[in-house]
Amino acid sequence: MSVTCTAEDLVVALRAVSAAVVDHGDELTELDRAIGDADHGENMRRGFLAVAAKVDSPGQTTPAAVLKAVGTTLISTVGGASGPLYGTAFLRAATSLADVSEVDGVAVAAALRAALGGVVARGRAEVGDKTMVDALAPAADAAATAAEGGGDVPAVLAAAAEAAERGAESTKPLVARKGRASYLGERSAGHLDPGARSTALVLRALATAAGAR
Amino acid sequence: MSVTCTAEDLVVALRAVSAAVVDHGDELTELDRAIGDADHGENMRRGFLAVAAKVDSPGQTTPAAVLKAVGTTLISTVGGASGPLYGTAFLRAATSLADVSEVDGVAVAAALRAALGGVVARGRAEVGDKTMVDALAPAADAAATAAEGGGDVPAVLAAAAEAAERGAESTKPLVARKGRASYLGERSAGHLDPGARSTALVLRALATAAGAR
Amino acid sequence: MKKIINDPSTVVVEAMRGLAAAHGDLLRVHEDPAYVARVDAPRRGKVAVVSGGGSGHEPLHGGFVGLGMLDAACPGAVFTSPTPDQVQAAVAAVHGGAGVLLLVKNYTGDVLNFETAAELIGAEGIDVRTVVIDDDVAVKDSTYTAGRRGVGGTVLLEKIVGAAAERGDDLAACEALARRVVAGVRSLGVALTACTVPHLGEPTFTLAEDEMEIGIGIHGEPGRARAPLEPADGIVRRLVAGVVEDLPFAEGDRVLLFTNSMGGTPLVELYLAHGIAERLLAERGVRVERRLVGPYVTSLEMQGMSVTLLRLDDELTELWDAPVRTPALRWGA
Amino acid sequence: MKKIINDPSTVVVEAMRGLAAAHGDLLRVHEDPAYVARVDAPRRGKVAVVSGGGSGHEPLHGGFVGLGMLDAACPGAVFTSPTPDQVQAAVAAVHGGAGVLLLVKNYTGDVLNFETAAELIGAEGIDVRTVVIDDDVAVKDSTYTAGRRGVGGTVLLEKIVGAAAERGDDLAACEALARRVVAGVRSLGVALTACTVPHLGEPTFTLAEDEMEIGIGIHGEPGRARAPLEPADGIVRRLVAGVVEDLPFAEGDRVLLFTNSMGGTPLVELYLAHGIAERLLAERGVRVERRLVGPYVTSLEMQGMSVTLLRLDDELTELWDAPVRTPALRWGA
């Protein structure tokens, strides 16, 4: 990837995301085991392996088309709460990019904002509910700031990843109000939210791939 | 009990047997756990508690009547392999005593022989099969020898108890050929047979009660 | 982990093959996307009743496919809700032109995936309705949480709505009935041990040898309280009280009592517990008119149980009694 | 020990009360001596089919009392055969003048207690016959041992003989049929974990995390060999091979395949295993024409399974298919 991003760049980056998710599968499952049902790593692994296989087959010529394929693949392979949420995020991001063949920092920030909108529309979680929104919302904000300041794709994604990582960390003391962890009530405090952690992972892998070009 | 034995003496002795069985219940269950299904102590406990309750209600005026009540009580409360075997043993012993009101050493030896006959008739085990027969058969032999030598009831029972204890010990190296332990094949070697051990316990309690008078 | 499996990732599809082999007279299975369908579906003019959810709760839901109950069931990965395309494909396979009723247990994942499926199905011009069941009184219900979970009551819902669809009730009637069942059913469960998800390979939580978890969810989610293990009388008293006092069920109410095993609790214990529940309800003047006892909504090998009460009226009783012919529930047919 | 019980010594009678409460339409229970009887017994002119055995194997035997199966069942203490007076009382309660067939699993205790019972019953002038089932191929059969154990095949025996008695076969015919079933049925089981008898409070044996016991008995008696835990394919292959090669079952044989859970094995694993068994039998050309899958002959919470094969002919098939209405097995009625 360079200062902008083509469909091809995106495919390369998604392979890196897939590898990162597979690498961190056990960690995600372990987080979900503490406050959920111990499947988030497995769900993400299944989904992003399917994504890697899907983007390997050629045909998507725009970044939006790639993201759309990712979204539908995640929806049809992940299941659980994270499947429709991640899926919707990618679908909304795709829609926001329309059919341009190359995206810049501003478009990336808009795509993240759209993704967040999709997650919130589906899951109705707010910041502080201890969900992936706690990573994605600050990521979208940071991306917007970076893009407004003229950041290119690597810069915007780096800002988003860093904010998502901080956001994921911020879920630790929270009491969950959405998703399976909410059944735990007070007992959910003291653990990272798995979906927030996976969101940070995905964004970090995208940022790293963007920066490596 | 004295040199001979009345129904009343027998009832006292049976209370001691019941107490001994209850005391050693866990030991018997532990033995049965190793080569069986871990219920021999519980079976014997249930049976001999019922026996103690039964002989407490008056009505049996001859030793034979007492033994018959013991036999039917064991049959109707123990279950398992040991229930019918112990029950038959007591019933046959009762029959051999007929309706005398006091039994001597010779009668005790004959009763033990009859008891053995009953166990073998029902269970078809031979000495060396690793069953209660390995305790009861030498006990009957030793009792006969003691009675022939003029032994009184305490002496005959003491000889029987000692032989039964040795017989029970002798089951340790044996490979079981009857009962549940036989399923283990070679793996049954190295463990005492629970029924042989309980037979020795019962005879020892009878002998001690007889000697105490 | 000790399990009779080959590979964690093929457990569900291999189990489906076994289900199909065992019950080819009642159902057929489709592997990708995965669903179980009634062998004689689609039935023209009959409302199609479709459910699904994570695997590991068997016989729920695949074991309830057949005459008088579900037209199709969509098994997700173990403890993971199915995906929308499974539901979409199942509906395509079984809908008979009279609309589709989706019965969904209230978990974020299930709700979201079925919601997406319903959008896709509706877009194909099929009349589709969704009823969400949330009978678990262990969870505090609030608009600020994910809400109560769907647990044992699901079986009763599927049976009763399935019977209504079988006798020809239309979609609106089936939906209204389903909402009535949901309104009148409550459950509470307890776990004595945890269960082990195949891909994780170790128990999802730990309970000490003298502890139990009251209000357990069917995925091993924790419940209301961890408490010292009690005798059966105390355990069942807690469950019955929690359920009765929630709706509440009142003296004179006619009910169906469902005593469910979480999987690892032997039937001898379950019947023992059922007897206690009957006694406690009699003491409260609640009239048990129908009962179901067994492992019907399980959590793999978890030891534990749940108590479900459904308020009965003549119609619900008649629908409960109606013929059913599925792998796990069968009478009158 | 984690169990839903009050007191080890009252487990059986409390469970019986729960059974009666749950299935009062099918059966009634008597507490002392303990037996479960068909609600409409005695039936005049019908052979009474009676079985029993230690508790802890539920639904065996009490769960099979009802129309088309057992007239009565006698539950012993957990893993302990019942006493003769239980059997005698049960027979007195259900015999309808056409004689009594006792179906007994081959364990020394069961055989001796039923033998004593048969003597007492015969002495009352009732025509009583006993058929002993010994289908477990894990045990070497020899006149110098206690012989093979009765395990999974017992359910098939009770169903088929119960159907024959229900249609009016006389005692000699029922007895001959029972012997025919015994001659044509074989089983082999495996344990992944041990079970815990309530009064003992800890597992009766131990298996390492990577071990299984092939040829396990239903009381946790050890079997043929302790082996490293294998994937399902390997486990089921051993069970199927052991069973098929014993009778032996040959290419072209028509069989009933019964895939049984020992209690603690989840249904998802059991169906997975069943699918493998079907495949292996197909490979051998053995024709599976009927099947039963579920926890029917259990060992408390033991994880494990067994495979049972019964050679079918037209009559046995018809009797298997005949209506049955019991707590645990129900179809056609």
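Letters A, B, C and D mark the chains in the order given here, with residues in each chain numbered from 1 onward.
We take it that a residue touches a chain if its C-beta (ideal position, glycine included) is under 8 Å from a C-beta of that chain, and two chains touch if they have at least 3 such contacts.
Quick caveat, the model's predicted, so the values are computed rather than measured.
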If you take the mean of the Cα atoms for each chain, which one ends up farthest from chain D?
-> A
Distance from chain D to chain C - Cα centre to Cα centre, in angstrom | 29
Whole-Å distance, C-alpha centre of chain A to that of chain D, is 54
Take the average of all CA coordinates in chain A, do the same for chain B, and state the distance between these two points in whole angstrom.
-> 76
Listed in rising order, chain A residues that touch 2 or more other chains are none
Where chain C touches two or more other chains simultaneously, the residues are 78
Please list, in label order, each pair of chains that touches.
-> A-C, B-D, C-D
Of all residues in chain D, which touch chain C in the complex?
-> 2-7, 11-12, 14-22, 55-56, 58-59, 63, 78, 192-193, 209, 212, 229, 231-233, 235-236, 259, 263-276, 278, 288, 291, 293, 295, 298, 300-301, 303, 305, 325, 327, 330-331
Can you check the complex and tell me which residues of chain D touch chain B?
-> 9, 33, 54, 76-85, 107-109, 112-113, 115-116, 138-140, 144-146, 149, 197, 199-200, 204-205, 217, 219-223
Chain A residues touching chain C - in the complex, by the definition given at the top | 29, 33, 36-39, 42-43, 46, 75-85, 87, 122-123, 177-180, 182-185, 187
